[in-house]
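By written order: A, B, C and D. Residues from 1 in each chain.
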Amino acid sequence: MELADTYTSDEMMSIAAARQLSNNQICFIGIGLPSKAANLARRLHAPDLIMIYESGTLGAKPTKLPLSIGDGELAETADTIVSVPEIFNYLLQPGKIDIGFLGAAQIDRYANLNSTVIGDYNKPSVRLPGAGGAPEIASSSKRVIVMLRQSTKSFVDTLPFVTSVGFGAGPGDREKLGLKGAGPVMVITDLGVLEPDSDTRELVLTHIHPNIAVEKVIESTGWKLRIANQLKVTESPTASELDAIRSLVSAGK
Amino acid sequence: MELADTYTSDEMMSIAAARQLSNNQICFIGIGLPSKAANLARRLHAPDLIMIYESGTLGAKPTKLPLSIGDGELAETADTIVSVPEIFNYLLQPGKIDIGFLGAAQIDRYANLNSTVIGDYNKPSVRLPGAGGAPEIASSSKRVIVMLRQSTKSFVDTLPFVTSVGFGAGPGDREKLGLKGAGPVMVITDLGVLEPDSDTRELVLTHIHPNIAVEKVIESTGWKLRIANQLKVTESPTASELDAIRSLVSAGK
Amino acid sequence: MAEIVSLQEGIGSLLKNGDTVALEGFTHLIPMSAGHEIIRQRFEELTVVRLTPDLISDQLIGSGCVKKLVFSWGGNPGVGSLHRFRDAVEHGWPHPLEIDEHSHAGLTNRFVAGASGLPFAVMRGYRGTGLDMFTATVAPITCPFTGEELRAVAAINPDLSVIHAQRADRNGNVQLWGITGVQKEAVLAGRKSLVTVEEIVEELDPRPGDVIIPTWLITAVAVSPGGSRPSYAAGYYQRDNDFYIAWDTISRDRETFLSWMKDNVL
Amino acid sequence: MAEIVSLQEGIGSLLKNGDTVALEGFTHLIPMSAGHEIIRQRFEELTVVRLTPDLISDQLIGSGCVKKLVFSWGGNPGVGSLHRFRDAVEHGWPHPLEIDEHSHAGLTNRFVAGASGLPFAVMRGYRGTGLDMFTATVAPITCPFTGEELRAVAAINPDLSVIHAQRADRNGNVQLWGITGVQKEAVLAGRKSLVTVEEIVEELDPRPGDVIIPTWLITAVAVSPGGSRPSYAAGYYQRDNDFYIAWDTISRDRETFLSWMKDNVL
């Protein structure tokens, strides 16, 4: 068990996320952290996870981590490839996607996401890449899982820009905005797992990863973080989980 | 020239229509008379006529007359096949079609067409097949050519139902209705050819087929037919035209 | 994931009286055997949606299964009238038939809207035609950018969409090729879907021009060899044009029709 | 019918200063060589439309060709920032860059509307996001049947649409396969279109999953082998992921960028 005793917080995050996915789920995968976690799940317990990338590849089965959402191997291993209009209009918009799996630069307590700018929109201090598929993945997937590393820079009290709506300003907002999916059901970070409170929709820390202090999570959050009454500790990575993630990463080199 | 001396009025109609088509025109073909004329043109002077059928076959090159707009041979000989949404939304609607080639059960003096009902819509004496692709072929093709046999039953003063708009109630109506194409530029019958007057948009007899009396055309029209000042006589079918149409028809058996 | 079922089970479990059922297939791959199964199971009060109601719709109507027809061209292609359809509209036999009538472009866009999870689609069309006045599923809409008036058509989301395809694999992934019409949109728009196929194969080797519908978009798949006859299935059998011509005679008379149905379908 | 031209002629004759030009290709088949030709011919004041402005857009922006960028995701895929894009937005270098920013779904539907000859398309999206507030090409629209509020996105019809494809035949019919993105829609939406291809072949033998764009929908075709590098062309060459990573360093500094452009493009 030495392997399992030494792992990075990024590895823990990917493994915790991978565990949320299961066979035959239809999963719309953002590039970066989500793609890594989904491909990890496919190597572990969910070989029949159905991965959808916004490039139009349906059921891609890459053997290594793709650098972009349109890598050749995604196309070559897909069950079929559809056009980009079809991905968004025929698959995402009507709610055929079980899980939208997103990263972001910033998140607020209602799981709204920013991947557009830091600072003023018209004169940003940092211009980020922007929306891509995220706003509609967030609004139309049946459920959304978000992954991002936790810090006061990323977990902020007020977003400078809402790229993708989580729960808006709280209960009832998704319905008011006509957003069809249930929204973010889970935010997985390098420190723990947050889930929306069923009444207030505010994110609550429900799981903490092994060897992480609650204070560390609180300090890494830009708002007064609520902690679940029954805070659980994430199960440590198993040797086979760590094996799988390390061979996945090295195959991607 | 004996061949050319004996031909039917239907043969004359098909040949007159075929003469209107030329190579590299993109032609949206209705089934029946238009399909026959277009395939005749391909056998004669327009082998590179680009035939589009509403089934989605682009550039079909059938060797025999198709019975339906979706016959296997149309699919097998097409340059490519697209979906029905694509045919209507991406090719017809934006005006990529040069010539819309239509039949109908009835026509009025402004070249509006009926293929829906005879009698009252809710209690018709004859229920016809209906619109199919015709309304949008008539509205969105750059130009429209209509073919139908001339009689007081088909050339009527008032249509019981407007399935496809020609010139509506006269000048300016197409523009008012937002119809993008120029509308019907020619109506080819078994007796002659009618064209819209450039001012009034009313159909005027401009060509009469050989050996047809003007009185016969007038009697076969359900309104007071206007005759062009310079009425021309259609050129008689040539031997090769008749050869071509007869071999086309027999190949279709 | 699609379940592999018998045609009888598929129709029996997925359809109920009063449902809206789309039967799609544009000249090619018409789901005839599924239509026959609907008739054999004596479903009633159905709203049938089909761009080109042809022989199968004529049989469904003449057999009394259909309350309402949503369509855009109701004829026997290249032959003439659909006599059972005409008899229902003109004389109310076997009972009156409601219709909701569109152009191909309009009904196609109703399926596109349904497949897209939208309540409507926008198009150029209908303006100035009689169609515009006799259906409640078309309405004016104004472009918020240009002020141009266009037409909205209401989405259609059938309770059950039925298509026929060449093949499926054991997991229920479906492959069709040739003229594929609005079949993909019909399946996607359906609340449930049934695909009949010529055969189930080990692997769907890719074909030029093929459309793959993944199993996770389909409710059930049923094997039904020859399920499109007298329509055709490219790569399997040709269109039986002679039967289309013969249907004109069979269907013209009520008694001849009923006796043919009894001998050939029931 | 498409004319077969050189890349230089194609860009030179079809584009002019101030035009709106779409350069499409979703990760795969990005029209890099056409972008380089635009830079070499020193076009100015262009509005560049592209879902995923990546290296080619970075180069166009850094070279001063671009007045306005219409886009939905401006990054170096899997690597990080587009530094020339950021420098233009954050510091106005080499001059200020206007932006019209969308989601992929939104910009895709703007192409779909353009391709469909409609002034707008309807979608679920934008509501509740900041994007909704910072673009003039999105507007509320109400369903005339259900009363639901949705979003309309304005059609985009570029003066010139440029894509790269694997092959064309001598008549200018184009064939592409693999990930085909919104390329068909971009070509159809364009008032003019230029397709660069890896090669011209005698006959376009059908390929599974291929998209054929008939010559009569294209203005010009130019042969440009390797025209997508460092992006890829399925069946011809692979994506040069190392170069995408290297671009991060090359583009980070203005001088390094300019010197690389001088050595490699101009």
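One rule holds for everything that comes next: a contact is a pair of C-beta atoms (placed from the backbone, for glycine too) under 8 Å apart; a residue touches a chain by one contact, two chains touch by 3 or more.
A quick note: this is a predicted structure, and the numbers were derived from the prediction, not measured.
Annotation of chain A and chain C: jointly contacted by D, touch as defined at the top. Taking the CA centroid of chain B as reference, the farthest chain centroid is that of A. Distance between chain centres (mean CA atoms), chain B to chain C: 28 Å. Distance between chain centres (mean CA atoms), chain A to chain B: 58 Å. Distance between chain C and chain D, defined via averaged C-alpha coordinates, is recorded as 38 Å.
Shown for chain B are the residues that touch two or more other chains, namely 80, 89, 93, 140, 180. Looking at chain D, residues 117-118, 123-124, 148, 150, 184-185, 209 sit in touch with two or more other chains. Pairs of chains meeting the touch criterion: A-C, A-D, B-C, B-D, C-D. Listing the residues of chain D that touch chain C in their complex gives 117-124, 137, 139-141, 143-146, 148, 150, 152, 154, 206-210. Note for the complex: chain D touches chain B at residues 1, 115-118, 173, 184-185, 188, 212, 214, 216-217. Every residue of chain B that touches chain D in the complex is listed here, in rising order: 24, 26, 50, 58-59, 79-80, 89-90, 93-96, 140, 180. By the touch criterion stated above, chain D contacts chain A in their complex at residues 26-28, 51-52, 71-75, 77-79, 81-82, 85-86, 89-90, 101-105, 108-109, 111-112, 123-131, 134, 148-150, 178-182, 184-185, 209, 232, 234, 238-239, 241, 244. Contacts from chain A toward chain D in the complex involve residues 31-32, 54-57, 66-72, 74-76, 80-81, 83-85, 88-89, 92-93, 116, 121, 124-136, 139-140, 161-165, 168, 173, 177-180.
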